[in-house]
Structures are given as structure tokens and as C-alpha cells.
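Since the structure comes first, as C-alpha cells, the remarks are kept for the end.
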Amino acid sequence: MASKALAIIAGVGPGTGASIARKFAKSYSVVVLARNPDNYDAVVQEINSNGGQAIGISADVSDSRSVNAAFDKIQAQYPSSKVAAAVFNPGGGLVVKPFLELTEEDYSTALGSQAHGAFNFAQRAIPLLLQARESSEHPPTLIFTGATASIKGSAKFAAFASSKFALRALAQSLAREFGPQGVHVSHTILDGVIDIPRTKSWVFEHEDAKLSPDAIADSYWYLHTQPRTTFAFELDLRPYIEKW
Amino acid sequence: MASKALAIIAGVGPGTGASIARKFAKSYSVVVLARNPDNYDAVVQEINSNGGQAIGISADVSDSRSVNAAFDKIQAQYPSSKVAAAVFNPGGGLVVKPFLELTEEDYSTALGSQAHGAFNFAQRAIPLLLQARESSEHPPTLIFTGATASIKGSAKFAAFASSKFALRALAQSLAREFGPQGVHVSHTILDGVIDIPRTKSWVFEHEDAKLSPDAIADSYWYLHTQPRTTFAFELDLRPYIEKW
Amino acid sequence: MASKALAIIAGVGPGTGASIARKFAKSYSVVVLARNPDNYDAVVQEINSNGGQAIGISADVSDSRSVNAAFDKIQAQYPSSKVAAAVFNPGGGLVVKPFLELTEEDYSTALGSQAHGAFNFAQRAIPLLLQARESSEHPPTLIFTGATASIKGSAKFAAFASSKFALRALAQSLAREFGPQGVHVSHTILDGVIDIPRTKSWVFEHEDAKLSPDAIADSYWYLHTQPRTTFAFELDLRPYIEKW
Amino acid sequence: MASKALAIIAGVGPGTGASIARKFAKSYSVVVLARNPDNYDAVVQEINSNGGQAIGISADVSDSRSVNAAFDKIQAQYPSSKVAAAVFNPGGGLVVKPFLELTEEDYSTALGSQAHGAFNFAQRAIPLLLQARESSEHPPTLIFTGATASIKGSAKFAAFASSKFALRALAQSLAREFGPQGVHVSHTILDGVIDIPRTKSWVFEHEDAKLSPDAIADSYWYLHTQPRTTFAFELDLRPYIEKW
């Protein structure tokens, strides 16, 4: 029996990452990565309880050794599984400060998480995605999560915007290099507050003013299922009442 | 019995428009508009033969009277139907010429089709979409078809790029005005050759080097089904081997 | 004696156009175009009184016959003068209205002024600029004036944004076609309120919160003087306190 | 006697940086920074020989201690001088490789030079520019040098594009924070090959197909002299025959 294909999702907490994991778990074995197992334990257990397959691996995307160890574990555990999808979704690096109060560490942390992290993740994910081309139902897919700060460097967002712009550049470059090789690389722009536990208390005038993690996950799945004749690179998502 | 909701699609020939009509006909009664009935007769007949509902109305989008007459007909024929989706997809205006050989008529034709046409279409479609908000399963949706020329004014594309830039501006403005009112306005960038009868003879190095009209239609349907918490405005679609 | 080179400036009122005329009149004979002679009479007289050379011609840029008549007059009056610079700066078409209150005429007026107007102007100016390549001190230059609405379609700006996006597309296309032929085509984005008689009464928290027409004119002159090894296409100008 | 104001230019080799130093030395004492004194010795000597004032300081912009030491030296040597302009122009980080051959070090080097380097430089330059507001003839100015890779992530440019996108984000964020405080922050996009010793042997069909370092320097000076009512943020510069 052929083993189920894998989806690897980096950056899984109780919000978007968990929704993506649930969505992709309907078709694939999922591997979720986060620094702190507390972030993924609940969703891993939930998926396994509901008849899906999921494992969590603790990893710090900003550290290439940690990323390499995680991928080594994945390959040891699933020696014959193909990687159908990889999603880079870590949230780190968002700090909002006047520039002269921003520390070198703030800046390094943002770039470490979003730029170096994406580099480390893509270095290991892409060879696996290339191997999956023949066997995959859908073109193997690599999706990067962006934000408003991916296309606008607002005042006091110097660190986060630098890191999200860098991530978008990486995504573009990979799309242009690996698209023609049959790997679908996409980048999303999540332009609004996401409805996650951390933002539950943020009240807006309209009740449904926040991005739905499940709807975001649907979008990622939609991107994944596009045929290679018709790849989307970039998708901007925002609540209907968002100013932009 | 409640009447089926409507999808109105302007710019239907044997390619993208027909695929969109087929896709939306799975859920809605479709009304297709084109200047020449030859362009839509086949798909209208096909939909009706397959158990769907479709009518075609001859209309020139660049002429507001023609657009008004078409919408008057739609409302007369479907007095109790709500309009769940409207798609603006006319292909007119593509002329590639050195600027000094471009005629005033070339330029007017392009703007007439893409800019005035979209204006005329939106003026009539939006009030109907607003009326459909309560009854629609998905947020009422207005989608405009763009092209590479929507974001890049290439040499010799002065007329087409002017018209496609104008269309994109209109789409942005409508998204910002009517999104908060619950109407989902989107714009797509079709960045590549579409696989339609007219391009059948265009041979590329790779067999699947052209955008699939059916996959484009799937994308439009996907946009239509997004919840209002999580609207995409812009989606760029291109074949995997496209240079961009 | 060789006759002085010409600068032709369309869209001259008491603000930016007049400042551009004054600036270019230091080196060239200037021809200013506006629908209403009241708009240019003062600056024409001022330039001539100060030892410069200027004439005004009444022209409606949105009407190709009117533009052709104006250029015929220019060529009759200055049969041996080369056209060193042409600036397209008409202000028409700015209307801010909810989309459903916007009339077809509002939309046509905006496109007529900004898109068709620029087309008409460029059709006549470019052959003259091409002829001036050998004799010009600086590469012959064609500059189009844009606005915030050239890159953002805000709510209620559907007409103006459509027209300004179209104008930018035209400028890009011309830059890509005629740059390699030695004509410098540029586009500016004036992102803020301009300090002109009409806006004198608009008071902001900061005294110098408005774009200076003279400083804009300096920028246009700077663009004009760039060597062809180092052409700028786009320049965004805004007051220091502007939000963007 | 009041001491001359300073211009601090980071990233000075025999090309653009040297031209900028020469240009700004006509009005200011210049301090040039580069890792290797071989890069700046010639231009420093040339400026001093021609009646200007220049010093060079060896500094590695990617290392905050090195940047801090350099600025400490500047302040020790010119205790009463105001900093009228600061230019960030280091060239490091350009590596063109298939992504899977790109090393972590390649990626870190690019971000170190362009992103961390700009962060380190701006952290020290901005307080000095803020202090110069009252005494400066022109608004104190901070200019960052970008490239094609600042707005396009091409295949095989993952490292350089990431770093240049990050730099642009930083520049935008600083412009939005410090513009309203009276400091002019700009970003240039040098879209083409620059005519420097290293590219002398690159022959194109057209003789003047390369960006002129002196013309680039003129552009930087032009940006510096803009009044605060009329700041440009971004300027794209390319040879007339460049494809874009």
C-alpha cells in the first residue's frame, strides 16, 4: 500500500497554522512544526482523534540545524512518503516600535524568523517537493504566508516589514525558478487581523471584522489544487470591512 | 418555489467566458452577454441541454444603452431572481502597434470595451448584487478579468494597457466602496496565453503552456465562494512555464 | 541664428502648469495650452515681460481636432524650432462621488481629459521630440503628471482613478517604446494637495503641508536634464507630513 | 567660523559611491566608509587635492560594532559639524545561483550587507540628521541605493532580492516615520548595469548602455536639495535602452 503523501506546515499555533493543518489533514498526513510543542499538541491530538494522521516536531525555523534535524526526522519517520505540500507560516518578528527604540536583536529576530526561516525551510522542502512531482495528484506546492507588511513599510514596522518584504522576494524568486519545474510556489498577503485566541478580545464595530483562519486554510488548499497550467502566485485576503 | 439565483457574464466566446458560464451554471441560472450571438449560442445550448439554465443576450458593453437594454431584459425575464454573481470578461481592445501607427479609433475602442464597458456593466450589476446580499449563499460577487497589461504598459500596448489599467482602477475603487457593504469585488490578472480555439495553433515548447479556461473558471468560482471575513481582491494566474 | 527650442505645456492654470512654464521659459520658448485663455494669459504675459518667450493657445486636449489645430499653429509659428520638451498636465476629471451617483458623463470626462487627452497630445508631440534628438542639449522629454489616483483606486474615485491609471499605462508604454529611441518619457505621482490659489483656504495643522508648484517644476526640469544613460521614469512627490 | 556640514557615504568603491562623494564634496565635508581602504583611498585623496575635504573610515556595515566605531570616530573628529546627508550604498550580497546551490552563508551575507547594514547605518545616522534640521540649508537627507532586485525577485536572485526588498521596506518605514519630522528619506532603484571599472569590459550593442555613476550622483544631490514641501521617496533610474 502506498503511504499517504505528506503536508509539512511550519508555524502552527492555535490560529491559522492549526486551520491549515486540519484542512490538509483531510487528504494528507501532516507534520507540524513549531518551537514550542504547546503550540501544536492540541491540533495534532485533534487530527489523530478524528481519523487523520499528524505529528508535531519542535523546531526553530530561524536555526538551520533545527530545521535540518526536523526534516531528518520527517524523512526517517516517513521514508516512502512524498511531500505534496509545504507551508511556511511562522508568526515571529512582529514588533512595533519607533525606529530608534528598535534593538539590533528585534531586527535580527524578525529577519531570522521570516527570511532566514523561510530560506532554511525552503532549502529542505523543495528537494522533497521536486521528488513528489510524478506521484502527486496536485502539483507539489510551497506556500508562504505574508502580511500587509509584505508590501508596505509602515512607520514603526521597520523590522517586521523588512522581514516580510524579504520573504516575499524569496517567494517570488522560488516561484520563478521552480514553477517551470512543476512546483507551485505561492505567497499570500493576509491584510487584516486574524480571528485567533490572541485577538479574541479585540472588538471591532463589525462582528465579523477579522480574517477567518478556516477560510484562509481553504484558500491555501485552493492554491494547492490548481493545475500547473493555471498557477496563482499571489493572493491578498482581507475582511470585507478592512480599509486598504 | 424560490427562483434560482442568477449569474451574469459579459464577454462570452468559446474560451474563458464559456468556461465561466458552465461553471456557474452548476449552481445558478446564467445570462451571458456578447455582441455577437454566434459567440454564446453554443454554450447556451450546451448548458440547457445538460440540465442547466442559460440565456444569451446580445449586447455591446461599450454602449450604455445596449447594456441598459440587456439588464432591462434580464429583470423582465427573471423578475424575482437575485443576482449572485456578475463577471466582466470582454476581450476587446487588444491591438499591438507602434504608438504612432495607433489610431484614435484603436485607442477609443480599447477604452470603450474595457473601461466604459466595465463602468456600464457595474452601474447596472451593483444595485442587483446589493439586493442579493440577504438571500445569497455566498456574498454577491463582481469579478473583472484583467491581463498582463493590467499592471505593465509594454511597448506597443499603449491602447490595451491604458484600458486594462483603467479597468483595474475601477475594480479597486469598487472593491473599496462595496466590499464594506458586503459585495465581493475581485480582479484577476490572466498572465499568459489562454488555451482557446483562437490560440490552438500557437505551439510552445511545452504542451501545457497555456492557461486553462476551465481552471480559470474554477478560480472565479473559488473567489465567489469566499466568506466576507476573507475576501481576495486580486489573483494572478499564469502557466507554470510562463516568464514573469 | 538658430531659433530657440520649444517647450509645450498642456494644462496650464495658475498652479503647477504656470510654474512649469516659468521654469522651462528660462531656457526655451514656451507654448502653453489650456481650454480657457484666462488660465494662461497671466503667465504668458509674465514670461514675456520678464524677457522670456511664451504664447498661449486655446485647446481642449480631449478633442483630437483641437489638439491637432494647436500643434498646426505651433508648427506654423515656429517652423524651424525644435521641441525639446512636452509636458502633459491637465487637471480635468477629478470627481469624487459614490459610484452609483457617478454619471456616464463624469466617467467620459475623466477619461477624455486624462487618457484620450494624453493620447492626442503624445501623438503630435512625439514626432516633434524625435526630430529634436540631434539638436537638443538634453534628451527630448515628455512628462506626464500623475496623482495618488494613478496607483490607488480609492472608494468614490472610480472615474479619476480609471483615467489616471490609464494615463500611467500610456506613459509606461511610451517610455518603453521611445526611451530606446532617445526620447525621455517620465511620469510623476503628485501625492498630496498642491499649493495653488484654489487650495489657499485649505488649512492644515502644518503651515507647509502642501506641494510647492515651483518645487514640482524644478523636478520636471531635473527630469528633463538627465542624460540618456540615466533616465528616471517615475518620481513620487509628496509633502513631508503627508500620510502614505 | 561654523564648521562645514558633513555627508556620510557608506559603500564607496571606484563607482557610484565615489561619484556621490565627489558630488557632495562640492558642498560638504565627506566621510566615506568601506570595508577596505583600497576602495576609498583614491577618491579621498582626489577630493582633498581638489580643495575639498574628505576622510575615509574602514567599516563593515553588517557589523554594528564596526558601524558604531566609525560613527564614534566621525563625531570625535567633527564634534561641531552637522550631518546634512547620509547615503547607504554598499554593493555586497549580489550572488546569482540556483536556489539549491545557495548556501546559508550566501543568504546571510546578502541580508547582513543590505538589511542589517542599513539598519546599523540608519540607527546612527538618523539622530545626527535630526540634529541638523535647524542648521541645514536643505532638509537632512538619508538615501538608500536599491536595484532591480528591490522590486523583482528573479529566479536565482533569492539572496540578493531578499536583501534588497528588506532594504526597501526599511527605507519606506523610515520615510514614513522621519519624513514628518523633517528628515528626507529616499530610495533609488538602479535598474541597469552601472558604468564602473568592474563592468568596463561588458560590451553592449549601444555604447552608452550603462548607468552613469556621475548622473546617479547628480540624482542623489537633486533628491537632497528638494524642499520638504516636495519630497520624492523613490526614483528609478535606467539606461535609455534598458528593457524593463
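Letters are used for the chains, namely A, B, C and D, taken in the order the chains are written, and counting of residues starts over at 1 for each.
The rule is short, and it goes like this: a residue touches a chain if its C-beta (ideal position, glycine included) is under 8 Å from a C-beta of that chain, and two chains touch if they have at least 3 such contacts.
Protein identities per chain, from UniProt: A, B, C, D = Short-chain dehydrogenase/reductase SDR.
What you see is a predicted model; the values in this text were computed from it and never measured.
Common neighbours of chain A and chain B, by the contact definition above: there are none. Traced through touching neighbours, the fewest hops from chain A to chain C number 2.
With centres set at the average Cα position, the gap from chain A to chain D is 34 Å.
Centre-to-centre separation of chain C and chain D, using mean CA positions: 32 Å. Rounded to a whole number, the gap between the C-alpha centres of chain B and chain D is 46 angstrom.
With touch defined as above, residues shared between interfaces to two or more other chains in chain A number as follows: 176. By the definition of touch given earlier, these chain pairs are in contact: A-B, A-D, B-C, C-D. Per the touch definition, chain A reaches chain B in the complex via residues 139, 176, 179-180, 182, 184, 195, 208-212, 215-216, 218-219, 222, 226-244. Every residue of chain B that touches chain C in the complex is listed here, in rising order: 64, 98-100, 102, 104, 107-108, 111, 115-116, 119-120, 122-123, 126-127, 149, 152-158, 161-174, 176-178.
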